[in-house]
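If you scroll down you'll find the structure; I have some questions about it.
Letters A, B, C and D mark the chains as written, and numbering starts fresh at 1 in each.
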């Protein structure tokens, strides 16, 4: 297996999936939405089948369907990466191969959710990643879960991953800032080519400053221009500008995450806001998620109004991509 | 849908699955093992595709294969219940229907592991259980996860479940003893027919005394006679006898759970001990689990030797079940 | 230093402290209350300055005052043990010596609350206990905190304590049942004379059955007869009787702990209930605790009414103790 | 009570306390050390009796002694603030008044450690802060504990504090970055004059960028110039410079906190490093803390050597302060 690392520095939206009333994928809207995202300068690639893409509620065949559609729509202009999430290694290999067949240019390998409940043995994670990475010919982005989950990888485990051929990047979701700078430095010292992508929507700027080669975040599927400009300002060491953008970003994250309040799921809120702004046609979520209630929707509408920098997209003007051949 | 509650008081082993070297199911050994378990007086039913049965590492088709084999082997003499574990509601319904088709007389419905990571909305769990229960014609046993996981159900949620037609029992794995007696009393007051099954292998006696209608535990797939006698002594209020059996049980749980030590997974230890005692032909576990190392195996062998009450099974004398027709 | 272990099997109430309106100790009522408690057959000793005795809100001199009063009142008929709670070792030694001077026949040594925040080094706890135990001539009861706190002692640490001269008992508040039976067996195997006292008010019976030499609990300062009879039934292996008493105990613990509900502090609830039953003259708590509101008080009153087995004490008939000399 | 807020933006070292072999305060060295710290341009005030100052191991009279010495030494040139840490409100008021008498120009009010174990009622914290603040004539800095402790204040509680006369600043130790920017904005919107001081030694830069008016940190008692320059660069929006300093800071924090390794207490490591650099005469810590072992000391020495920017202080050249009058 020879793999050239196609994971570049940059901004990777973890995209949402629009559904029809019967919960099937709204193919036309998914195309339109992907196309819209790909039109932003600074968007480096799209990630389908992430948590934002409701991977946990999609059947295996539906995950492939989503990958195929997005690849068909924007695959010519940017890489499409697909999440892989299964609890067993054998099934993970199946899904990784399916993603490759569907046209993905990389996989985002999530940890076995079995570990969330029972934790993991020493060496178990390394073997898991190695088994999956060696069964495909596209690169692997490791999804690091929060430090307070039993599925989170230790610094030592992360170091073992970056030595595995095919592992190209880490989506760093540790959410323990006391480890961020340390892990970034240690990983880069041991594997200079590895890309460390922040996945912290709600406090992106601090992570960019402590060390990040880009961002792989759901928020970039909602406000792509804002996220790109924040990443750029941080890369340019333009702190004054970064803080200004951060003030806007805060308005958006407050609406989505509702800091300190009893809160519905962020995914549902983001989908609702995206429908209100015409970015998606519907805000239907797949069960077990349930729709937001009226009060929650009203709060989002109010918050959106306060975000004067956000504008409805004009969906009709988004031209479909014509695969060139 | 009319459902008669076939979940009786009693002891339900969550059985292991023996594998061949290529990780395929060792069908012959699975039959032999199921048959052996079913021969014990006091074993009320068998549970396949539980955590002990490595459900998280089995592909969907393999889960059905296991159910079919065990149903074929012992389905005439006792109910076989199959675990259902998916993260999405739609896929959970698919799996539940497949279990019914495969001959299961009930499902053990695990929570969406998505919740382990993200938690759940009010009402989300009730809708999830209702959707699955109403899509099949066999009863549902709810699997309650430990209180310190975000997938654990509140007392209020449990109360909402027992009103759903088809919900017949709760596998009570809360592992927070301050809630046990309370939940037991409140659930029984609201749904007198519900069965509350303890799933606490490592301190079964206290849960039986605080209130339980039986046990659904992996340990009963390893030492079925011990578990049955402990449950009986507790039901008979024979505390002197129960404490004697509990002393033996402690020897076994110490070997499996290694209280307070850095420990390999209990599932692997149990499988290793079962191979040593001739209960299973192999102790192969499916990845991402990895085999125990030599030191760990030596410790188990020593501990087994100390458990003088445990005897090798004579595998040749276990007669296969001939389906009667 | 020669120490004979005076900590016997039995029931030790961790007593409350009644306050006057100006937050000073209501000395007369404290005497009356201690006298009442000491009149119950089966009460083995009294513990002052425990969490139930609001030790954290009492100034050092007030802690001694409480010890002196209770020793003066009941010291002739049963041992009085005083809690010692400081964050530094040197101050803990000061307080331990003061308790001895005030007449305590033992101390209940709580862990440094500094550890709750920062955790502890290997060997730190052993040295702390050894330093305090060697500075006094009365025995030490170790207060074990819940396993989920950073101040909780590992099995290894507990084993190191029971080898220290002067350590006579452990108030086992681990509240992790998977460790209870293991710790009990291991400690008894290494130090047969050590007393393991349960401090689990809300599920006392399970701990008694897994192994306990008695109970050191706040609830025994409220319903002493109930607690004594429960401990006796468990010691006698009379499970039928124990379960009957347990049903009553549940009524009381439900009122105090309000399982699964947003709840005020148990200490305040217990004090309020004790005032309603005439056991204490007032239910004043020291700040930072704040009084219960009207709704909370109404709920307690309702719950008390439902506990038909509880009776008001006739305070006038409680004769004061006359120190014999 | 009329209080003018003397808590300015800036850098406040939480200073260490040197001890003699008999654990008494090394008064001469404490003077020398305070004087040294006060000589740095950018150091705004000194905080005694913080966690770095081993408050939990100091008897009440010793806490006052430390305050008096440091006030006597540097009180003419900068404010000295004293930590107050008691579990009861009444004793906290005693200590706060004693701090004022000893010459402190403010108190750092820590939460009751009773809350670490048992949590707190609604309104309890507000009453606690109000009671203490109203009993003195010097301002109060609120010490916010990490979000994962039960003593941590909610955004709502923090908002209730900043309305209390006398509350001048918050030492923001939430250590949950998803709340930092939100809390900063909300508190400033409601109380523009409140000072939000970061207390996050190990990732100071991110907190400065998300919003902070300075830093109240132990690390500033060890490397005052580094901390001052980092804060200045952040205030100046000079990200390039800030990142350079941050690289040095990382070397120091790695030595102190040993990210991801089994680690001794940071306080002991810092004291050991300070002795090696001649900043303190001894590295004796008060029990229950125990001295670092040889291996730990060797690691610190190695790490110090790698920090080429750190230099031994020339203790002889530090001139004592002569109180002017």
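One rule holds for everything that comes next: a residue touches a chain if its C-beta (ideal position, glycine included) is under 8 Å from a C-beta of that chain, and two chains touch if they have at least 3 such contacts.
Computed from a prediction, not measured in an experiment: that's the story for all the values here.
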Item to check | A-D, B-C or A-B - pair sharing over half of the C-D contact pairs | outcome: A-B
Checklist entry - Between copies subunit A and subunit B, are the contact residues mostly the same numbers or mostly different, with half as the line? => result same
Checklist entry - How big is the gap, in whole Å, between where the Cα atoms of subunit A centre and where those of subunit D centre? => result 39
Checklist entry - Per the centroid of Cα atoms for each chain, what is the distance between subunit A and subunit B, given in Å? => result 36
Checklist entry - Whole-Å distance, subunit B centre to subunit D centre, using C-alpha means? => result 52
Next on the checklist: Going by the contact rule already set, what residues in subunit C reach two or more other chains?
Outcome noted: none
Checklist entry - What kind of graph do the touching chains make: line, ring, star, complete, other? => result ring
Next on the checklist: So which chains actually touch one another? I want all the pairs, not just one.
Outcome noted: A-B, A-D, B-C, C-D
Next on the checklist: So in the complex, the part of subunit C that touches subunit B is made up of which residues?
Outcome noted: 148, 154-156, 175, 177-182, 185, 200, 202-203, 205-207, 209-210, 234, 237-240, 242-243, 246, 250, 254, 257, 259-260
Checklist entry - Which of the residues in subunit A come into contact with subunit B in the complex? => result 23, 51, 56-59, 87-91, 94, 112-118, 120-121, 123-125, 127-128, 131, 145, 149, 151, 264-265, 286-290
